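Notes to accompany the following structure.
By written order: A, B, C and D. Residues from 1 in each chain.
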Amino acid sequence: MLKVGLLGAGRIGAVHAKAISSHPGSRLVAVSDVNADAASMLAAKYGARASSNHEILDDVSIDAVLVATSTNTHSDLIEAATRAGKAVLCEKPVDLSLARARACLKAVGATGRPVMIGFNRRFDPNFAALKAAADRGEIGKTELLSITSFDPAPPPIPYVKVSGGLFRDMMIHDFDMANFIMGELPKTVYASGSSIVDPDIGAAGDVDTAVVTLTYGNGRIAVIKNSRRAVYGYDQRVELLGSDGLLSAANVLENTVSKSTRGGVTSAKPELFFLERYMRAYVAEWDAFVSAVIDNKAVPITLQDGVDALAVAEAATASLKAGTPVPI
Amino acid sequence: MLKVGLLGAGRIGAVHAKAISSHPGSRLVAVSDVNADAASMLAAKYGARASSNHEILDDVSIDAVLVATSTNTHSDLIEAATRAGKAVLCEKPVDLSLARARACLKAVGATGRPVMIGFNRRFDPNFAALKAAADRGEIGKTELLSITSFDPAPPPIPYVKVSGGLFRDMMIHDFDMANFIMGELPKTVYASGSSIVDPDIGAAGDVDTAVVTLTYGNGRIAVIKNSRRAVYGYDQRVELLGSDGLLSAANVLENTVSKSTRGGVTSAKPELFFLERYMRAYVAEWDAFVSAVIDNKAVPITLQDGVDALAVAEAATASLKAGTPVPI
Amino acid sequence: MLKVGLLGAGRIGAVHAKAISSHPGSRLVAVSDVNADAASMLAAKYGARASSNHEILDDVSIDAVLVATSTNTHSDLIEAATRAGKAVLCEKPVDLSLARARACLKAVGATGRPVMIGFNRRFDPNFAALKAAADRGEIGKTELLSITSFDPAPPPIPYVKVSGGLFRDMMIHDFDMANFIMGELPKTVYASGSSIVDPDIGAAGDVDTAVVTLTYGNGRIAVIKNSRRAVYGYDQRVELLGSDGLLSAANVLENTVSKSTRGGVTSAKPELFFLERYMRAYVAEWDAFVSAVIDNKAVPITLQDGVDALAVAEAATASLKAGTPVPI
Amino acid sequence: MLKVGLLGAGRIGAVHAKAISSHPGSRLVAVSDVNADAASMLAAKYGARASSNHEILDDVSIDAVLVATSTNTHSDLIEAATRAGKAVLCEKPVDLSLARARACLKAVGATGRPVMIGFNRRFDPNFAALKAAADRGEIGKTELLSITSFDPAPPPIPYVKVSGGLFRDMMIHDFDMANFIMGELPKTVYASGSSIVDPDIGAAGDVDTAVVTLTYGNGRIAVIKNSRRAVYGYDQRVELLGSDGLLSAANVLENTVSKSTRGGVTSAKPELFFLERYMRAYVAEWDAFVSAVIDNKAVPITLQDGVDALAVAEAATASLKAGTPVPI
């Protein structure tokens, strides 16, 4: 039974608290948050104690911590937790600074403790099935990857300002998905973007609509489309063309009902947002972490993976600024 | 080059005139109709002459006739045309009277001339593909057939009154489809029906909504659903369950565009009605007829098939009246 | 916090134990089973005590019982539990005997305790959405209902022999769905069936493939198709035609991945069986029961509903035997 | 009745000959080809005469010519035909040289004769419906366009060598589609490409897989994906994201049959190639040309449109070579 401390009791912390508590192999024992009330409420809900980061890291009975705090604390907490001997599952991204993330990777390496980065989408049953089919060679040699990833609505401007920008905050999921599916880092990155959804996002120095092209050494290409606004729901699709066919992971719809009337045939919308679409993925992610830690095996998504995704995000940010492709 | 006379210049006659004229192996030479103007206009459109039934049947240069007149004339015209040595393609149904249809079958047999009945749906590429897959054994032993067949809107009451009733007029297509797919006649027929769409149809002695169950000697079952009104278009689907799977022929939609909005994901409707949905089937039907006649082979849908479908329709009509299953 | 005793620790009991334990408003305190080991193991898993039916019913601290025992004990346990003041959620069917179920209904009425029958499919998000749309009038006046309900594989012959037959054991779900969607009992029932899937089922006196037509006083019709074998998975679909359109609830697929190759475009299969397809429904069912009991409101599926479904099943059984429609 | 001369009796010439002959408002009177036999055979099939380019252009009774010759002759023939007073429908592209195409545009302008370029896909019912819905404002302000356009199999290497490259030969259709849907020319073009499908295509100086990003002055973005090989058929899809939703035009499948077995649910493939997928588009294209010429209205796709698409193709070619975005 893995005893777990949860650092961060916000929206995503609550998702993880539920996954930790529901898992037969783990138990939530302590919760911390800069907002003490939030920590208390979440802890109470699952029979854990409210605590502080320090206390959790100092508690030798705690085996693992889940880091769900704000991004700017991730690297420090990963380092402190691994130094304290904990296994760590940390939300993406590792850091907003690639240099800092790399330093973190080095520091963690010295501890030998497992650190897994929460790229939950790898555990989505649809994307996982697509990846597995590709790995089985069902479409032959892979050639061209397309990722469509639209949020239902843009975040508030204050969030945008501290987010590190669309590439580090949002598309980093898709960069990791590309790294995951293609099995290697791209050679070059070219980013186009604009703030056509909301000019205030542009005024905040960010884009809300972007297309990024990734090229690989063997001639393969990937293209990622992001928009901060798809009014019909969370649009999350992946397509992979290979020499023997195409794999395509479509959206998960809210239900399977369709209505045929004089106006057409209307089906349900895609699941609203990540909590709905990826709930099963969060559960599977936690299960993978628990299994790896308990069985003393490698975690399926490493800190290196987190650094890799960040490296692509940083290159995309640079490409957008320069207006030209940028090598990784 | 098959020289063809067309008897009947109404809506379905016009469909056939086009198919006859477009076919490289046939030429429309004469058109007749009780409405002389209709015959003239249609004939002119395709460079044929307006004519009369008698003149067409007496013209030894005409190889084949297509009978697209009102149902009550079918048997007589089939007999006269075959006596005159013509090959015949006749619209469904053979007759409203099963006895008369059987007499026609006997009379035609004596002439040795080919008579094909226009159950156009057998040539629909979707239903034909389903049948072919079943015949290849792709779902193993067939067990349970379902046919959904809804018209977009009910016909006028005067038409209902002379139609012979829903089973002879509309569901006869589905009876033929069941005979075609199952490859044998059912043993029993049970019909339920009501005039829930339009009470005036009930007042005219007919039903507008019906479900018919057919049972077969080997334990197989078929069920057919008809409605005179599906406001979203012509709903034409077939499903066949077998020991190794299910074959399903879905509707043909007007286009492949879908629109995702706050209200859902909306696709196009099914093709509006039979002219839209089955145009390719009419063309393929005519091609099959021309090929059979020219190559002196058996036509793919025989007068016996027409009599068989009518036998099921008659049993369904009797079952509805009696409120019990009726043997064939 | 509702304290719950679970009677029956088999496959479906385990499903309910999980739902009871996961619900914030209920706690599993005791589990009984004819197999004491099964009760112990399931109880241990959720921190409950292994117990006996009697002890659970006698324990005044237990508010509610979930009856998941074999069908032949349902009526007795419902009566005993309500006499003991418990609220009851009982698995379908109420009984194999309609007379016994009616007696149970009468006995329970005298206690005034709530009894809910576990027709879980009403809580399936897809069927619930279809029903809600119909109730909102989105397709106008409802006219023709179709239910397709195929199991992936037939049960063992010993089970068939004690099951009460396909209509009471399997199609009873669909009869309840018809009662639920149509909002009234049918007037007549006509059943066709055969043992085409497995002759041994026929030898055991049952059918494995059946089509049942239900007619309603206002001219509406419903048709239900059952097969004990759909090798591609659990096929669970509902269609409802109305004066303004069609509502259709399609299968839930295992994932959204499709693969396009030289051989065609292949998608995932429907969810394998009821545990996969209806897990969300079981959770929602339990939530509805807890809410009703805590808020002292009517349960959404009553014992009367259980008796009604059984009445249709009994009529279908009689119709199959007689070969004619049977009134309800 | 428009009298038409057809220049070019190859595969696409044959498609047009059929469309011309089937149209009630046009008649094919003469056919020319560098291969005299091909011209004779095609002419004979439709009751036209075999002829030469010169004779056709000199024949004052001929109202219009359809240019379906090899690309390197297009500009010359367009100029000659308009000088001879003919209306012209010319296959894409106008020319392999943008400068030559612009000179042609200028020369034609002086004649005042209508010249339409055969970007047949604008007449595909699916893409046309998507465009119409966007123009009606059904998804609000348009923001992000995606075009997927994969051929089933690469062309022979000798063809590749004279094709002008993938951007002028294949993606030019998609550039025109982008111009059509976005309603303006892009500001910048960035092209990535490789010869991952067939190294011989690379050796011939071309690419077989490419992704092109187009940016527009108002912040809109378009991305086009091309591959010379999709083994499952001709993959032709368009998606358009707007402020109020998404429009999506899916592939046209060979039929609507699906087969559910232990291995999954398999549907038909997309139509094989352009003759199958775009036959209706060719017919509609010809009808639009005939209507415009007869009614003396502007043709729906102008020579300027042809020059515009070529300008984007030329920029894409330059971008691929330079490895950076290129302005239009």
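Everything that follows uses one rule, which is that a residue touches a chain if its C-beta (ideal position, glycine included) is under 8 Å from a C-beta of that chain, and two chains touch if they have at least 3 such contacts.
Treat the numbers as computed from the prediction; the structure is a model and nothing was measured.
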Identity of the chain that, by mean CA position, is farthest from chain B: A
Where chain B and chain D are represented by their mean Cα positions, the distance between them in whole Å: 39
Whole-Å separation of chain centres (CA-atom averages), chain C against chain D: 57
Sequence positions of chain B contacting 2 or more other chains: 230-232, 235, 244-246, 260-262, 268
Graph class of chain-chain contacts, one of line, ring, star, complete, other: complete
List of chain D residues in touch with chain A within their complex: 141, 143-144, 146, 148, 150, 190, 192-197, 209-211, 213, 215, 218-221, 223, 225, 227, 229-232, 235, 241, 243-246, 323-325
Footprint of chain C on chain A - complex, ascending: 22, 125-126, 129-130, 133, 138-139, 244-252, 254-262, 268
Chain C residues within the chain D interface of the complex: 230-233, 235, 253, 260-270
